[in-house]
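These are the structures in question, set out in turn.
Next come two complexes built around subunit A: one with subunit B, the other with subunit C.
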Partner chain A sequence: MKIVVAYKWAPNPQDADVAADGSVDLGRAKWAVSEYDPVALELARQLADATGGEVIGLTVGAAGIDTPLARKAALSRGLDRLVLVADDALDGADGTRVAAVLAAAVRGIGDVDVVLAGDSSVDVAAGQVALTLAGTLGWLGLAAVSAVRVADAGTAGLVVERELPAGTAVVSVPTPVVLAATADAVVPRVAGMKDILAAAKKPVEVLSLAELSVAEPGAVLTTLATAKPGGAERTARIFDGSDAAAAATELVGALRQSGAL
Partner chain B sequence: MSSAAAEPDFDVIVVGGGPAGSVTAYLLAQQGLSVVLIERGEAPGAKNLSGGVLYGRVLDEVFPGFAQSAPVERRITRHVTTFLTGDSSVSLDYAGGPLAEPVNAVTVLRARFDPWLAERAEEAGVFLMPGVRVDSLLREDTPAGPQVVGVRAGDDELRARVVVAADGVNSFLARSIGLRPQPPTHHLAVGVKAVVSLPRTVIEDRFAVSGDQGAAHAIVGDCTLGIGGGGFLYTNTESLSVGVVLRLDDLVKHGRTAAEVFEHYLSHPVLEPYLRGGEIVEYGSHLVAEGGLEMLGQIVTGGMVVVGEAAGLTINSGLTVRGMDLAIGSAVAAAKGIGEAIAAQDVTATGLAAYRRHLDESFVVKDLRTYARAPKFLERPRMYGAYGELAAGLFRDVFRLDGSPRKHLAAVARDSFRRSAVSVRDLVSDGWAGVRAL
Partner chain C sequence: MNAAQSWIVVADDAAATGLVEVARTLGTEVVAVVAGRRAVAEAVAGVVDRVLWLGEPGTAPVEAFAPDVARLVAEAAPRAVVGATTPGGRALLGAVGAALRSPVLAGVERVELAGDDVVVTRSVLGGISQHRTAVAGGPAVLAVDAGAAVAVSDTAAAVEEVAATPLPAQVVEVRPTTVAGVDLGAARVVVGVGRGLKAREDVALISGLAGALGGEVACSRPLAEGVDWLPKDRYIGISGQRVSPELYVAVGISGQLQHMVGVREAKVIVAVNSDKAAPVFAQCDYGIVGDLYQVVPALTAALGGTA
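Now for the complex of A and B:
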């Protein structure tokens, strides 16, 4: 089974400077594998180990995403090899364009059975790349995937669990398919020293954007304005702590009342 | 695994991607050795507090012209030393071209500077391994005595001919094998600092600098609420590094927290105008070893050397904290010593003693000797209270035209002494100690 994991090398929002007007400056942020993507990497590795398959990492972005550090960070998390499209023309590309480039790269890799991705990226978090990719490829696409395994002997395809608002659904899925994993589907491995040493020896293929001949985007997105998300409604009750026991009782009472306990 | 036969994975394992570790790794790779640099942060610099003033001469020897290519913030052309009382200040302001050429001191932000150093190491062939915390040392008994043969992190072991402990002030590695006893608290200070962002032009106006020039302010007196230590204020390109360094024992004695003192410092009427309108973009605190030569413990053992702050290499003169340049100086000495030991196929304590010899000959130990008395001198309590009052009293009388007849400066000074809590004997004694220590 040939599995591709589409992941993002992204700035970490924890390092962002947020100005009073709500604009976000990620200039000082350190880059890493986007927070939810290691879950997809782990799911892919487990699936491949169960089927004797191969896991190929795939990421696209500006030229700066191709550094030795970035390569090792991904390859040490259970990938067999890596395919990169690093071109400054992709700097700030929107989700539709990223999906189009990913689709071209997936076709280029060839014979792919499953593409796994995180549900959304840590910096943009629009959550549409995986399913746009499925659409572009003309494949089935499923979001909210919390588990995946091969179907029982004699049956083709995969068995996928989805965490939906109505409850958990277990579905039988034919391949090829694009799956977007929930943030807590599995606990991803932490790369050890041997993983990182091995990562440096794994093959990396850099595809040029020109070679992939991705059609120019039909529409270009223009951001007109941004605003801070409204703060969550909070009750903000303060308990008088002079009598600690009474305060604790009050607190427990309030938590019960609000349904938190 | 049978150990004697185990081939090392690398010639050298360097633990810690601060200035000491990155420069050691770089210089060893340049000698053609295979080197891995292990850093617990996701990227070098990620765990290191904001930065400060780097005395750049030694780095210029390693990377000629680094000030042009490295991410330095400003070249320091103005050094200001200020004695503070509750509501007044006296400053010595030294500004001049000679400070700028050749590069004497520059400000750096570690989040940018450390990755640059690590990249140079990587370019030279060092295997960079971020995101890994070394848990312990691998040790083996050999005919020559116990020898460090590698490191362990999680379930993995990595072996090398030599391990370099460049893991900073707490040096867990050096301590784990008894190389560095727990430092006494009067040899430890706690540093609290913040990076405050301000527009470039505002910084240039407030500090009277232009272009890539910058100012370094050292502040003693009321800023630390009488606790042994001092404050600093450095200009970066579009931010200020501002902080206090407090002697741990004195802080405890005064029953204050470092955060309280820092708050007081930031809102001090003399500091506030520099910081006004700025926004704190980074904040943190960190221990500093400030024991000078006394803190330099045993830095060589079989299969391992200790460099940088892990070796206790810092100088706190009361006016400046120096550590990065000493860290780099020790890296230069260690790379030489390790290279020689590996070439001679003797990485026992005897072979690696070459590092200690190179360090002793370098500016590092020479400067530590020069400042050997500084920690004791700075333990004198008058440094942080009464002198500020004295100096402020003196200058108040000189500058205040209140209609009374002007006195000669010497007479003014005498009057100030009488009013101040400092006796002439104290002054002579502290002055003498200061001259010898600083």
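Now for the complex of A and C:
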């Protein structure tokens, strides 16, 4: 089985500086494999080990996503090899464009059975790219996948479990398919020294954006204005809780006085 | 482009008031394409002008209809396409976005028209900034909160059945959730608890405080997805519920932006945390620096409840 994990090398917006006009400076933000993507990498590894398959990491973005650190961070998490598209033309690309580039790369890799992705990215957090990728490829795309296994002997495809608002659904799916994992589908491995050393020897293929056939966008976005969201600014009155009873009395008094209670 | 129309894509869920509301703002005629059971199509028919229904799904998951939905939308080329942020809704929107080569905009807070262009005010980067974005040259594709179930109406549009060829996939088993749903949105007071809690039994401590405040218990994501101490519909944040109570009490929650964006509209925020450097203290109105295992019972007692 050939499994691709579409993951993101992303900045954590927790460390961003947001100016009064809403403009965002990500200069201090820490870049990493996006928070939930290791779950997808682990699911892929487990599925591949159960089927004797191969796991290929795939990520696209601006030129800056291709660094030795970024390569190692992904390759040390159970990948067999890595495919990258790193081009500044993709800086700030919207999800549909990212999905189109991922789709072109998946087609280029060829004979892919499963694409796995994380729940949502740490920066955009919309949980949309994997499903748009499925749409681009014309494949079935399922989010909220909490478990994946190969179907019983005699049946083709995979059996996946999904955590949906109404309950747990078990779905029998043919391949090829795109699956986005829940945040807690599996506990990802922690890369050890051995994994990190092995990562340095694994093959990496860099695809050029120009060589991939990616359709031009059908709609154009223009940012008219940015703003800092309201309600974000609060000044705290802090009570020392080392004497819990006294702090509790003071807080309850303050809440009553302000009308919150 | 058919500028008079806006479309909603419905993923087997009559909770679609949020979709209809946005679609009405953007088009004089609202067309729904419904993947799912007839009952859903009939419910939606009460609140839109036209309904295209893809037929009984049987055992097919709603996502199997994404290519059919995308084809219908692309043929019509409406000004806007609106779907839900649910897993099924995002799958339909993904296929639509791909077919139209148009970005799927999430975090939508407000929509308006500027001439023929759709202008969307949305929160970006996990909610740290807000953008006003104009969509030109093609349909705007929007993922919005589904909202409540549509109201029953006596005057309904006809349900037009359209032939569909769903992708092959089969739901072989459904194990319904046993926990009753909660409407955190209606609560005047919400007490949220996070990883500062050490054991599942200790949720009782939080329920005690919520009881004394006449509020509901909520949590951060790791407590609902990860340890499963609380049901998923009780976690607050960018991927969970957004609430705007009079009072939000964050107990043992560090205050990561993905959580705090869900309580930004709360009138008053109180934080209880043992780490005085926790980011939550920069985002609250009142804070107690202390061990929740001492502070929470003391608060419950001070409110006249039983800890």
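In this section, the second predicted complex is superposed on the first by the 215 of 261 C-alpha atoms of A that agree within 3 Å, B and C clash if a C-alpha of one lies under 4 Å from a C-alpha of the other, contacts with A are read in each partner's own complex, and residues count from 1 in each chain.
One rule holds for everything that comes next: contacts are C-beta pairs under 8 Å (C-beta built on N, C-alpha and C of every residue); 3 or more make two chains touch, one makes a residue touch a chain.
Computed from a prediction, not measured in an experiment: that's the story for all the values here.
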item	value
Which superposed partner A:V190 touches (first subunit B, second subunit C, both, neither)	first
First (subunit B), second (subunit C), both or neither touched by A:L142	second
Which superposed partner A:T155 touches (first subunit B, second subunit C, both, neither)	neither
Which of subunit B and subunit C A:V124 touches, first, second, both or neither	second
Which superposed partner A:F239 touches (first subunit B, second subunit C, both, neither)	second
Residues of subunit A touched, compared between subunit B and subunit C (which is higher)	C
Interface residues of subunit A shared between complexes with subunit B and subunit C	none
Residues of subunit A touching subunit B in the complex	17, 28, 30-32, 68-69, 72-73, 190-194, 196-197, 200
Residue ranges of subunit B touching subunit A (in the complex, touch as defined)	9, 38, 42-43, 46, 111, 122, 127-132, 153-158, 197, 281
Subunit C to subunit A touching residues, read off their complex	61, 63-64, 66-67, 70, 85-87, 90-91, 93-104, 106-107, 119, 123-141, 143, 167-177, 213, 221, 225-226, 232-233, 238-239, 246-247, 256-258, 264-265, 267-272, 276, 279, 281-291, 294-295, 297-299, 301-303
Subunit A residues within the subunit C interface of the complex	13-14, 16, 18, 22-24, 94-97, 99-100, 103, 119-120, 122-128, 130-136, 138-144, 159, 162-174, 177, 182-184, 215-232, 234-242, 244-245, 247-249, 251-252, 254-255, 258, 260-261
